[in-house]
Amino acid sequence: MTHVQSMLDAHPKDPGSVDRTKLAECIQACFDCAQTCTACADACLSEDMVAELTQCIRTNLDCVDICAATGKILSRHTGHDAGLTRAVLEMCRIACRACAEECAQHASMHRHCEVCAEACRQCEHACSELLASLG
Amino acid sequence: MTHVQSMLDAHPKDPGSVDRTKLAECIQACFDCAQTCTACADACLSEDMVAELTQCIRTNLDCVDICAATGKILSRHTGHDAGLTRAVLEMCRIACRACAEECAQHASMHRHCEVCAEACRQCEHACSELLASLG
Amino acid sequence: MTHVQSMLDAHPKDPGSVDRTKLAECIQACFDCAQTCTACADACLSEDMVAELTQCIRTNLDCVDICAATGKILSRHTGHDAGLTRAVLEMCRIACRACAEECAQHASMHRHCEVCAEACRQCEHACSELLASLG
Amino acid sequence: MTHVQSMLDAHPKDPGSVDRTKLAECIQACFDCAQTCTACADACLSEDMVAELTQCIRTNLDCVDICAATGKILSRHTGHDAGLTRAVLEMCRIACRACAEECAQHASMHRHCEVCAEACRQCEHACSELLASLG
């Protein structure tokens, strides 16, 4: 359904010792999380109790920006900078964890927060797995 | 694998007469195309013959920006503006067609351009289908 | 304070018949409007009467995405596509006008909406001027 | 010329102990750096010797994504997360330094790299100053 793995296989540069499966999963999780958090911010905005969800909306919007940047940076292999990759993954992990925790507080009341917490946890996990595989 | 459809179903606002399946497909295609074009621009940059691929890289980068914006705008349903949605979809269709045509010229030589042309065609098609369903 | 004009002057490609001053002003206005709308969405979110500002927040967020994409596309001159440039400017004009009109409704009550309406009007005007100069 | 300071003054939330001047300067520097790096990547792409500038283009593109995300996150004050702000500023500083160093290597040959190195240094400095002021 997505082209992440095909594009990774078609890249002329060998990504080196990185685990290609974990890299593809992390790229995919970042773009998915950016979409999910965009949708959750807007769904919160449409709730009658929006005044109680402003922290959630803000956390969602930050997570969108960080996941989108991370997903794009991980999609590049030309002139790879291991230090920057590591710093970006660490930051994405922090943002996803914060958003997962915030959304989890509203998960029993709002289905969109439940789904969003799941997408954030998946992205946090994918970043951690990729970081660990970098050695 | 992605959460597009679940988030659409969980949104408190009824998206009205829009075809939900086509909307979900279009959102998914936009995010997928943004990722694929990011990867294709970078793959072109790593080719020995990069000097012959500069037009392709530029077209890819524009397509990334437009698809990412379109995917996010389509993910919002609060205070829907039909005119803006239509204008955004028209523009995304133009950008995807331009990128598909450019990448198709290098498809026989570069597998990443072949995959990218396919992702762009899918996104162009998804935008056209959604536009048509809007009546 | 910004480097828009210096970068335009330093580009190896001649941007052709385009009015360089109007181009620089439009790029600058797009980035400024993206920042201002990001800040206005967040300021609305912090208002006690956030429930009455949800339409404004949504319009702001769309305007951010479109202005950011437009500002980046206008910053590129390699392999210029006149048709795409025109379509992007038209769409940016529509998004800025919508956001200016929405913010203007809250301008007397919220200073951030007043400033944001001004930034949107400037960007709408800069897009119109650049479009007109393209002939 | 930009509305960063006015929007900061108009925000209903008190940003707390943060130095407002340094915050405004950092937001401004992030958006300026995102624009400058977008333009530098494209200018490099138009150089005859593009094959020798691929590392510079890649570094520019990463810097665009990180500065744009940082500028937007710093523009939000609702439900402020000090830890995330700090992590984002650290990462932006790393990305700007890497881009400044890369561009500086081509500064004597390409005026756009000279201007871009300057914009990156300014943004790196603004992030450092803001970080230091956070205590």
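Which chain is which? They are A, B, C and D, in the order written, and residues in each are numbered from 1.
Throughout what follows, a contact is a pair of C-beta atoms (placed from the backbone, for glycine too) under 8 Å apart; a residue touches a chain by one contact, two chains touch by 3 or more.
It should be emphasised that the depicted structure is a prediction, and the values quoted were computed from it without experimental measurement.
Trainee: So which of C-D, B-C or B-D matches A-B, with over half of the contact pairs the same residue numbers?
Mentor: More than half of the contact pairs of A-B reappear in C-D.
Trainee: Would you say A-D or A-C is joined by more C-beta pairs in contact?
Mentor: When A-D is set beside A-C, the one with more contacts is A-D.
Trainee: Using CA atom averages as chain centres, what separation in Å is found between subunit A and subunit D?
Mentor: Measuring from centre to centre gives 22 Å for this pair.
Trainee: What whole-Å value do you get for the distance between subunit A and subunit C if each is reduced to the mean of its CA atoms?
Mentor: Inter-chain centre distance comes to 27 Å.
Trainee: What are the residue numbers in subunit C that touch two or more other chains?
Mentor: Residues 42, 45-46, 54, 57-58, 61, 68, 72, 76, 78 of subunit C each touch two or more of the other chains.
Trainee: Quick one: label the inter-chain contact graph as line, ring, star, complete or other.
Mentor: Shape of the chain contacts: complete, all pairs touching.
Trainee: Under the definition above, what is the set of subunit C residues touching subunit D in their complex?
Mentor: By the definition above, subunit C touches subunit D via 1-4, 6-13, 27-28, 31-32, 34-36, 38-40, 42-43, 45-47, 64, 68, 71-72, 75-78, 110-112, 114-116, 118-119.
Trainee: Please name which positions on subunit B make contact with subunit D in the complex.
Mentor: So the residues of subunit B touching subunit D come out as 41-42, 45-46, 48, 50-51, 54, 57-58, 61.
Trainee: Which of the residues in subunit C come into contact with subunit B in the complex?
Mentor: 54-55, 57-59, 61-62, 65-66, 68-69, 72-73, 76, 78-79, 81, 83-84, 87-88, 90-91, 94-95, 98
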